[in-house]
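What follows is subunit A paired twice: with subunit B in the first complex and subunit C in the second.
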Partner chain A sequence: MSWIGRSLPRLEDPSLLKGQGRFVADLAQGAAAVKFVRSPLAAGAILGIEKPDDGLVFTADDLVGVKGIRPLLHRPDYVPVSQPVLAKDRVVFCGQAVAAVVAEDQGLAEDLAEQVFVDIEPEDAVVDFAQALGEGARPVHPEAPGNVLVEGNIRTPGFDAAFASAAEVVALELRSGRQTAMPLEARGGVARFDPLTGRVTLYASVQMPHMLRTGIADVLGFPESDLRVVAPDVGGGFGQKMALFPEYVVLVWLARHLRRDVAWLEDRRENFLAAAHSRDQVFQVRGAFAADGTLLALEADLKSNVGAFSCYPVTCGVEPLMGLAELPGPYRFSEYAARSRGVTTNTCMMAPYRGVARPMLTLTMERMMDVAARRLGIDPVEIRRRNLIETFPHRSPTGLVYDEGSYGETMELAVKALDLPAFRRQQAEARSAGRYLGAGFSVFSERTGYGTPAYAARGMDIVPGYELVNLAMDPSGFVEARIGASPHGQGLKTSLAQLISDELGVLPSKVRVIAGDTDATPYGWGTFASRSMVISGGACKIAAGKVAERLKSIAAAMMHVEPEAIRLADDLAYAEATNQTVPIGEVARAAYHQSHRYPQVGPGLQEQALYDPAGTFSNACHACIVEVDVETGGVKIRRFVVAEDAGVLINPMIVDGQIHGGVAQGIANALFEELVYDEAGNLLTASLADYLPPTIAEMPSIEIEHLVTYSEATITRAKGVGEGGTIGAPAAVINAIVDALSPFGIDLFEIPATPQRIRDLIRNAERTHHV
Partner chain B sequence: MSDKHAVTLNVNGKDYRIQVEPRRTLADALRDDCGLTGTHIGCEHGVCGACTVLVDDRPVRSCLMFAVQVEGARVRTVEGLAKGEELHPLQKAFWEKHGLQCGFCTPGFLMLATGILEAEPDISDEDLRDVLSSNLCRCTGYQNIIKAVCAAASEMRACQPSASL
Partner chain C sequence: MKPAPFEYVRPSSRAEAVAALAAHGDDGKAIAGGQSLVAAMNFRLARPAVLVDLNGALDLDYLRPEGGVLRIGALTRHAAFHRPVVEGPLGVLLARVVRNIAHYPIRQRGTFTGSLAHADPASEWCLVSRTLGAQMVIANVGGERVCAAADFFKGTFTTAIQADDLLVEARLPLMGPNWRSGFFEFSRRAGDFALAMSLAALEIEGGVIRAARLGVGGVADRPLRLEGLEGQLVGQAPSAALFAGIGEAARDLISPTEDIHASADYRRDLIRTVVKRALTQAAS
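Up next is the complex of A and B:
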């Protein structure tokens, strides 16, 4: 009986349910409290810093020999900028850390921080694209006079000819507001100094512990072995916790400098101001369509506001270069010309956030399909049918190779689940009663589980991608898998245990997965980019398979049969032909304690495995029905259907949970959440009273259908599924709103579609039509 | 600000005699002075609800209350829900229905739901959703939280007659 495919309750849960989780703040007992003094202005020269006479206050001048954080891309169009861990000479965004204070508890640290005065000569802030790219714009960094930190370009040879043959050109400009991942646990770290060894252990709420260790050791200039990084229970990350932040560098420096334990626990306001933001993009596209709705060519100019710095290690190229590479999405056209720029401004740095560029590029392509369908008089579903890729492997105009998927099939499944003909009747009836219902679709690909080739292609200086696992069965038959991935809520330990159990024939409760500790796990890249199930899972499958071979060899010798005749299941090694069994625990004990009997196998049951795949594409269609209140501009989502193909589902309950959470964040992007800066670069939305993540009241019930395509691109046949919900939802919601408001002839190209924006559109439409 | 007051907090039936500044929040006192770190702090401005505990059986944001206000009251936190190894029906339901992912908001949701289901065992699903909209979760999209609370509500109702004897 296979453990794969079963909705096993998570092994992670009991401690979390009993309040016995160990999050960073739970590990801070006895440590001195650190508080950062942050710039109140977006841009300016630091004239001086006034400190109180007593109290521990540290500024850039104290950090002798500490380097800046300077992530690199090896591309001629990339401009590296260095981020000082505490601002020196000038500040470049509101919230930038300028000083660190240390006191006996959090309250006293806050009192002390309030006594530090940073004297800044303000400069005009560069906040948006118009200010950053306009004629004579003030450079945010002297290294980048035009405020462009990275620029990718592509033009296929047949583009001009294909474009010229179009029957209809659809030109659109899409905008996404600025969003933040907003993990419920903000950032935080506890740095414990060991006076005996001089070594520091940093407990930090992060997704990439090994990378953090490398980054901190490099910036502070000491050997990595002097630092251990532990990611304990982590209260959500969604990408925000995969960057090397200055605060962690300062924390480790303080622990070494003061030779004592120090803790920094970020508050919510700091998390809004200074952690990392996302989105804030303007995508201009022109799609060239044939009369039958075939998309022939696409031209694009993509702009991503990357904030004041480039995030380490992925750099500010992550949004613009993904936008450039993946804009074509699930569509078949082959001619493409695009430019994509990362634009620096006096705002908080961007880090990857669930979906990265794909919510916006999916919104762009899916709005374009709907607009083209309307202009050409084709049904929106039909125009997608005519353009979706259906033969595999498919090579996109940017050279990406899509493995087997079910793009058309998931769309048909979603259309059927929605019962579109019945909905159209209901929609007509509702309209006659003055109610505005609409249906919207979004078809997309989710590139997941990509290894080093994908990151190397971006020109990254630090090339992530592979995963290692050290897997051992101990003499009692229990298993430990030490992984380089670093889960933070995904239930990965349970899913991996199921996968390993199937290889080794033991119960998942006998498999302990160890993650998030640089002393206990092989070097790895952590958990992000929907990679862990595919890559770490693949490595676990290989390693467990190797241990299984050793078990079988020993069991075969014990029962005097051939290893091929042994099957491992139910904690037993079966020799089926002779109907013999030996408990796996006994085989394991023999492997360690009677190894002289099995010289051909060698002692012990330990294996390391590496997996570094090229990547795989999950695919899905989201379909939703909304009702728009035309008086208030409020949107209610009546139904939300996800037809998803993520290959083989290891734990379907966990997969559905990923989709649920992803869709919620996508709906948030579509309707609610927006970080707003004023023209001076002050963040106006730095509390949860102003920034509006959805509650249970705003969330529809999410209906999920699964298709399973067996792809050769992943050895577990599992594809990644962490981001799809967030990628597809905004486009489905916005297309549904536009459908609902079609009697007004309204089009909508900006998210979030707040009641105010929708009312503005309705008001304008009424003015145009009736006055 | 260092004048400390002696306060006795009764938490999960046990008295904790602590010395706190008047400005010390209940959340900080529970975590730092009583060592009960199951109550989590998500925003410290009363929106997210991760720090929800029961004070005299009513859900409160422990980040919006001072410890000195709680003298003489009965406080219940997530650590008091299970009876030894036996999980509370809500904890069981959250486990079975996958009502948590990262688990950071979970103690707050458990205490909010405990408070409301004890006060109104027959609450309608609609009113339950309304109450649960007090707290934020960033991982689950709330789908399985509502399923878990509804399942626990049925179980707690089924247990009700013997409990009221």
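Up next is the complex of A and C:
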């Protein structure tokens, strides 16, 4: 019996559901409270900082010898920028940390912080693309006079000829508002100082504990072994918690300087102002189509607002360079010319957020397909059929290699699930009753589980990607897997336990996965880029397989058969030919305590494994039915179908949960969430009264269909599935809205599609028709 | 997100509460449900030196029809209105409106008169009070006075309540059996502040509107009652054309406010729709 493929209840849930989870704030007892004083202005020179006479207040001048955070890409078109952990001479965004105060509790810390006055000579803020890239724009950083921190370019040799042969050119400009990842638990850390050793343990709500340790030790200039980083239960991250933030550096510095325990628990307002933002992109494209709807060539100019700094370690190249590399998506065309820029502004730094570039590039390609279909008189589903990748491996115009997938099949499955012909009849009936329904599709690829080669190709100074696992079965027959990856709430421990159980023939409840503690786990990279199941899972499978071989050798010797004759299952080692069994626990005890009997195996049951794959593409089609209230511009999502192919599903319930959450964040991007800065660089949406994540009342129920393509690209045959929901949803929702409003002849190219934006378009259309 | 330091007193009666407010003057602030005040304090946008907690003043906890009005004491929670609190159209109207107020947990704590005293322009109860002609009972150590809704709302977060006053009761006129009501609110998400909302009450007899109340909220610094348009409804038979026309007239009468969720132009456009829909529901 296999544990893979079963919706095993999550091993993590009993404590979480009983309110017994251990999050950073649960670990802060007894620590002094730290509060950061933040810049009230987006840009300016610091003239002075007035501190109260009493109280612990620290500024950049106190941080002697502390370096800036300076993430690097080794590319000629990358401009490195150093981020001071506390602003020294200038501030470059509203919310930037300028001082840190320490007091006995949070309330007193806030009282003290109010008494710190930062005197700033304001400068004009550079907030949007027009201001950053316009003639004579003021540089945000002197190092980058044109405000471009990174730029990528590509042009395939046959581009011009292919473009010239087009029957129809579709030119579009797409815009995505700025979003934030909005983890339920904001950032936070508790730094505990050990006076005996001088060592600091930092408990922090992060996705990359090992990277955080490296980064902090480098910036503060001490050996990594002087610091232990622990990510306890983490209440979501979605990319926001994978960067090295200045606050954590200051926290560790304070613990060492004051020789005491200190805690910083971010509030929601700080999280809005200073954690990390995402999206805020403008994509201009021109698609060259043949008369039969075949996309021949694509030209693109992609702009990503990366904010005031580059995030460590992945840098501000993440969004622009992924946009450049992956814009072609699931489509077959081979001629491509594109430029992609990361533009710095006086706004909060960007970090990767679930989906990274792909929600926007999918919106771009899927809007383009619908517009081309309309212009050429082809059904929107049919035009996709004519362009989707069908043969594998497929090599994209940017050199990416797509492993086996089911692009056409997932689309057909979604079309069927929606019952499109029946919907078209419903739509017509509804219209005659003054109701506007629409259907929209979005087909996409999701590049997941990629190892060092992909990051090395980007020119990263710090090349992440591999995962190590140290796996041991102890003498009692229980298993400990110490992983370098670090879950942030996604149930990874359960899924890995299922994988390991199948290799070792023990119950998942006998497998303890140990993660998120730099003292207890091998160096690894954490959670991001839909990688944990593929890469850490692959390493677990290899390590468990190696331990299984040791078990089999010993069991075979115990039963006097060949190791190949042994099968591990149900906590037993079976010698099937002779119908003998030995409990795995007995084999394990023998491995440790009777090792002299098995010299060919050697003592113990411990193995390390590494996995560093090239990557694998998941794929999916999202299909959605909406109703638009044309008098208000309000949108209700009536149905949402996801036809997904993530290869072999280790735990289908957890996979569905990933899709549900991702789709919610994608719907948020499409309809609700938008961070808005005013012209002076003040964030106008710094509370949950103004920034609007959808609630359960706005969420449709999500219908999921799975296809399983067996790909050779991953050792577990599982593909990553962490980001697909956010990638596909915006395009499906927007295409459905446009379909609903087709009687008005309206097109929509900006998200979020707020009621006001939709109603303004309808009113414009009504005015035009009346003329 | 911790409030600035404050003192806290918990009087055990209305008289003690009024005395406490008088003692502290501008420094004192009454708190009942705290659903707006505590958030403002945590952001340090509100910094009362003394909080006067009404929750111990149990003589403010009442809700009863009496003398042709519904008397709503200052400890009456929003959730009390989830089911009709009086026989007849008023109870139905209040139950219809209350579902639009924020979220279930907030409705368990927040109070009717607390909403009126806070005077958020997007408050449903402010719109109800203004449209139906509520009377506010305001007490201080000198006694009590009654203030008409028309004179009570002075602007965003501003009312006729003075520093040492306590709003102890709101009185809503009961409605006769031929009254019917409609309410329509448009907001970004369930429970959000209204971008625009309208309350309509129509007394219909023999297919003709005999009397009307019509109000719009969420669009100006205070709730608006559209008495001129009420007059245009009286004597007419309800019809889609009539209500569409009134919606357009309402739109043309009002110069709305704007914020990041809705421009003035979009709000003006919404007014037409919310008024039309509230009237249509009232007549259906």
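Convention: the second predicted complex is superposed on the first by the 771 of 771 C-alpha atoms of A that agree within 3 Å, B and C clash if a C-alpha of one lies under 4 Å from a C-alpha of the other, contacts with A are read in each partner's own complex, and residues count from 1 in each chain.
FYI, a residue touches a chain if its C-beta (ideal position, glycine included) is under 8 Å from a C-beta of that chain, and two chains touch if they have at least 3 such contacts.
These figures come from a predicted structure and were not determined experimentally.
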First, second, both or neither for A:697, with subunit B first and subunit C second: both
Touching partner for A:491 - first (subunit B), second (subunit C), both, neither: first
Partner chain in contact with A:631 - subunit B first, subunit C second, else both or neither: second
Winner by number of subunit A residues touched, once subunit B and subunit C are compared: B
First (subunit B), second (subunit C), both or neither touched by A:268: both
Subunit B versus subunit C as contact partner of A:684, first or second or both or neither: second
Partner chain in contact with A:111 - subunit B first, subunit C second, else both or neither: both
Partner chain(s) touched by A:480 [first = subunit B, second = subunit C, both, neither]: neither
First (subunit B), second (subunit C), both or neither touched by A:763: second
Partner chain in contact with A:124 - subunit B first, subunit C second, else both or neither: neither
Overlapping contact positions on subunit A, where the subunit C interface meets the subunit B interface: 106-107, 111, 267-268, 687, 689, 695, 697
Touch list for subunit C against partner subunit A, complex: 1-5, 43-44, 186, 188-193, 195, 260-263, 266, 269-270, 273
Subunit C contact footprint on subunit A (complex, rising order): 106-107, 110-111, 114, 267-269, 631-634, 672, 676, 684-685, 687, 689-690, 692, 694-695, 697-698, 754-756, 759-760, 763
Touching residues on subunit A, where the partner in the complex is subunit B: 7, 9-10, 12-14, 16-21, 23, 25-26, 29, 105-108, 111, 182-186, 233-236, 238, 267-268, 488-491, 653-654, 656-657, 660-665, 687-689, 693, 695-697, 699, 701-702, 725
Contact set on subunit B toward subunit A in their complex: 1, 21, 23-24, 28, 31-32, 35-45, 47-48, 50, 77-79, 81-82, 87, 91, 94-96, 98, 100-107, 110, 129-130, 132-146
